[in-house]
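Should a chain be cited, it is by its letter among A, B, C, D, E and F, assigned in written order, with residues numbered from 1 in that chain.
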Amino acid sequence: MKFAILINEGPYTHQASDTAFHFAKAVLARGHEIFRVFFYHDGVNNATRLTTPPQDDRNIVDRWSKLATGSELDMVVCVAAAQRRGIVDDGEMKRNGKDATNLAPGFRISGLGQLVEAGIQADRIVVFGD
Amino acid sequence: MLHIINKSPYDRPALDSALQTGEGGILFTEDGVYAIAKGGAAEAKIKAAQGKFKFYALSADVDARGLTDRVMEGISVVDYGGFVDLVAEYKTNQSWL
Amino acid sequence: MTTKKFMFVNRKAPYGTIYAWEALEVVLIAAAFEQDVSLAFLDDGVFQLKKGHQTKDIGVKAFEKTWGALEDYDVTKLYVAQESLAERGLTADDLAIPVEVLSRAEIGKKMEEQDVLLSF
Amino acid sequence: MLHIINKSPYDRPALDSALQTGEGGILFTEDGVYAIAKGGAAEAKIKAAQGKFKFYALSADVDARGLTDRVMEGISVVDYGGFVDLVAEYKTNQSWL
Amino acid sequence: MTTKKFMFVNRKAPYGTIYAWEALEVVLIAAAFEQDVSLAFLDDGVFQLKKGHQTKDIGVKAFEKTWGALEDYDVTKLYVAQESLAERGLTADDLAIPVEVLSRAEIGKKMEEQDVLLSF
Amino acid sequence: MKFAILINEGPYTHQASDTAFHFAKAVLARGHEIFRVFFYHDGVNNATRLTTPPQDDRNIVDRWSKLATGSELDMVVCVAAAQRRGIVDDGEMKRNGKDATNLAPGFRISGLGQLVEAGIQADRIVVFGD
């Protein structure tokens, strides 16, 4: 079965990203496919490579990056939500005249159409938020 | 359909709202699991709705909140794999955020 | 393109948080993708539709005009929970646009008919 | 002391909690202002507590939510400057987040 | 250094959000600054003190050991609302550390005595 | 009178930062002093210079930066909260081996002691959060 996952909250503050991560791993362990993980609202803050969590804590961003590259997950960050909150890749940096990027490996920035497409293509979509 | 509730019944109206609106299954995750603790004020709400709904709770969250030994009767405790199975089993799901 | 039944379930008050606004952005995209879109307003979500928002002093953009745009996108299925209106002292006359007022149970039935339920 | 409430009385227990715990002044801001709308279920709670508390609401938030003409009696509507004055007037304040 | 009466008002459940944990970090710093620190637990905040958190499967650090550290910092004034415990089916025996169980009204009086109230 | 302000939520998602900003301006307009504005929890996300909000929307980060420089406000971002969420200045970049910074002008990163000190030094402290 084809799953899609929507994450609406950032790392650490709400449990949403943690629960979504454990859910995503279980989806793959059950032999299902993940069509896409979409990051919206504060969820875009999961995609910054600039975090340095305490050494005895989980590294939420790294965990997603590694899952994406290991399992060829498509992890999409909403461009409008990312602009409001300061998540930037090379293209966005140039387009908006910024002087740095912070997007972590394994994520890409794209439009809300990617979320609607996930709703259309996937058999199930699950929302994790606050 | 499957209703996913991640909010404490003492802090948000998510459980009340789901009970009054839907039918099918209710899965408690995150702070939602406080609903299924024996002795709490939410217990009566769940009992009253056990004819209309099937109730599930995510084990990782039950354990994290120290409720392992306090799960009321009639609640199926599932792990993350069971969460996936429930989503697959019900045609649609709604997160009551 | 495949057409699916998308329902957006709005349960949060406007302005205190951005969820209502960013939800509306998805509604418009889903409509642009020619999906079968409906919106349900429950609990504090009914406050989103209240007439007469004057947001100048909080410095945040108001909703009222965007509701009008929904019709241009052929989004006309707006369901509002009667119980939620009543608890808040509101009637359909207090709302900025025409809606269908239904009981929670009736909205629950509409939810069962959907392919995709999105809540923010 | 001054209690600051920025949560809707229909979504969170902040108002109930403040009413049962404190005394003094209550200022409604942000989504908290829904508490002072005529005709809502929260109106009775405010009325019952008007002997014990003084009630205030932030005008910018009242206006933003379309409640300008629906403010119940006995509520003092203040602007951001009035918010500052209230904080200065009461020795301490607590935000019921 | 000036000593002030700091009260931390904890009203949120643990783990679902980080507020409880990051509040505790401020408590320890306030104690290190030798302030007169007290903690009040109301509403879902009482769940923070529940015994027996097994957080391995959610992958988040548990509170229990940090409560023990409070005493080392001379933080001993922990007030818990009786009504909030009762509503949740809990008693003082269910809590990880010794606390003073008070009525909401009594906690309200303690709040009035403070110089600084912090809530997260 | 000396005021301190604590902000616990990031820009746009919650109204906390908006309300705190209007409150801060009113404090100054009333002739009071602001000892410090402290950003904690997701509040640290108010301090990224990488946001690009829609042109017809307010620019929350810029607004704080300008208020700080215009009024010599001391705006402090909690270092522990900033590390968890990826808010980085030059010092943090070097210390944590990061390859970019995103701290906006007018903000500085420091410890929680600065919040406790604000509680001690100010006559009033007001908390804005969710």
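Operating definition for what follows: a residue touches a chain if its C-beta (ideal position, glycine included) is under 8 Å from a C-beta of that chain, and two chains touch if they have at least 3 such contacts.
These numbers come from a predicted model, not from an experiment.
Could you tell me which chains make contact with chain D and chain F both?
Of all the chains present, those in contact with both chain D and chain F are C, E.
Same or different interface residues for chain A and chain F, judged by whether over half of the residue numbers are used by both?
same
Quick check: more C-beta contact pairs at A-C or at B-E?
Comparing A-C with B-E, the pair joined by more C-beta contacts is B-E.
Based on CA centres, what chain would you say lies at the far end from chain E?
Ranked by distance of C-alpha centres from chain E, the top chain is C.
How many Å are there between the centre of chain C and the centre of chain D, using C-alpha atoms for each centre?
Roughly 27 Å, centre to centre.
Taking each chain's centre as the mean position of its Cα atoms, how many Å separate chain C from chain E?
So the centroids are 39 Å from each other.
Between chain A and chain B, what is the gap in Å from one C-alpha centre to the other?
26
What is the distance in Å between the mean C-alpha positions of chain B and chain F?
Computed from C-alpha means, the inter-chain centre distance equals 38 Å.
Please set out, as single numbers or ranges, the residues of chain B touching at least two other chains.
Expected reply: 6, 10-11, 13, 30-31, 60-61, 79, 93, 95, 97.
On chain E, where are the residues touching two or more other chains?
Those would be 12, 15-19, 43, 57-58, 60, 115-116, 119-120.
Could you list which residues of chain F touch at least two other chains?
8, 12-13, 15, 19, 22, 41, 57, 80, 127, 129-130 - these are the residues of chain F that touch more than one other chain.
Would you please name all pairs of chains that touch?
A-B, A-C, A-E, A-F, B-C, B-D, B-E, C-D, C-F, D-E, D-F, E-F
For the complex, which residues does chain E have touching chain A?
Going through chain E, the ones touching chain A are 15-19, 57-61.
Can you tell me which positions in chain D touch chain F when the two form their complex?
4, 6, 29-31, 58, 60-61, 79-81, 83-85, 87-88, 93, 95, 97
Tell me, which parts of chain E touch chain F in their complex?
1-2, 4, 6, 18-19, 22, 25-26, 29-30, 32-33, 35, 115-116, 118-120
Under the touch definition given earlier, write down the residues of chain B that touch chain C in their complex.
Residues of chain B touching chain C: 1, 13, 17, 20-24, 92-97.
What residues of chain A sit close enough to touch chain B in their complex?
1, 3, 8, 15-16, 19, 22-23, 25-27, 29-30, 32, 124, 126-130
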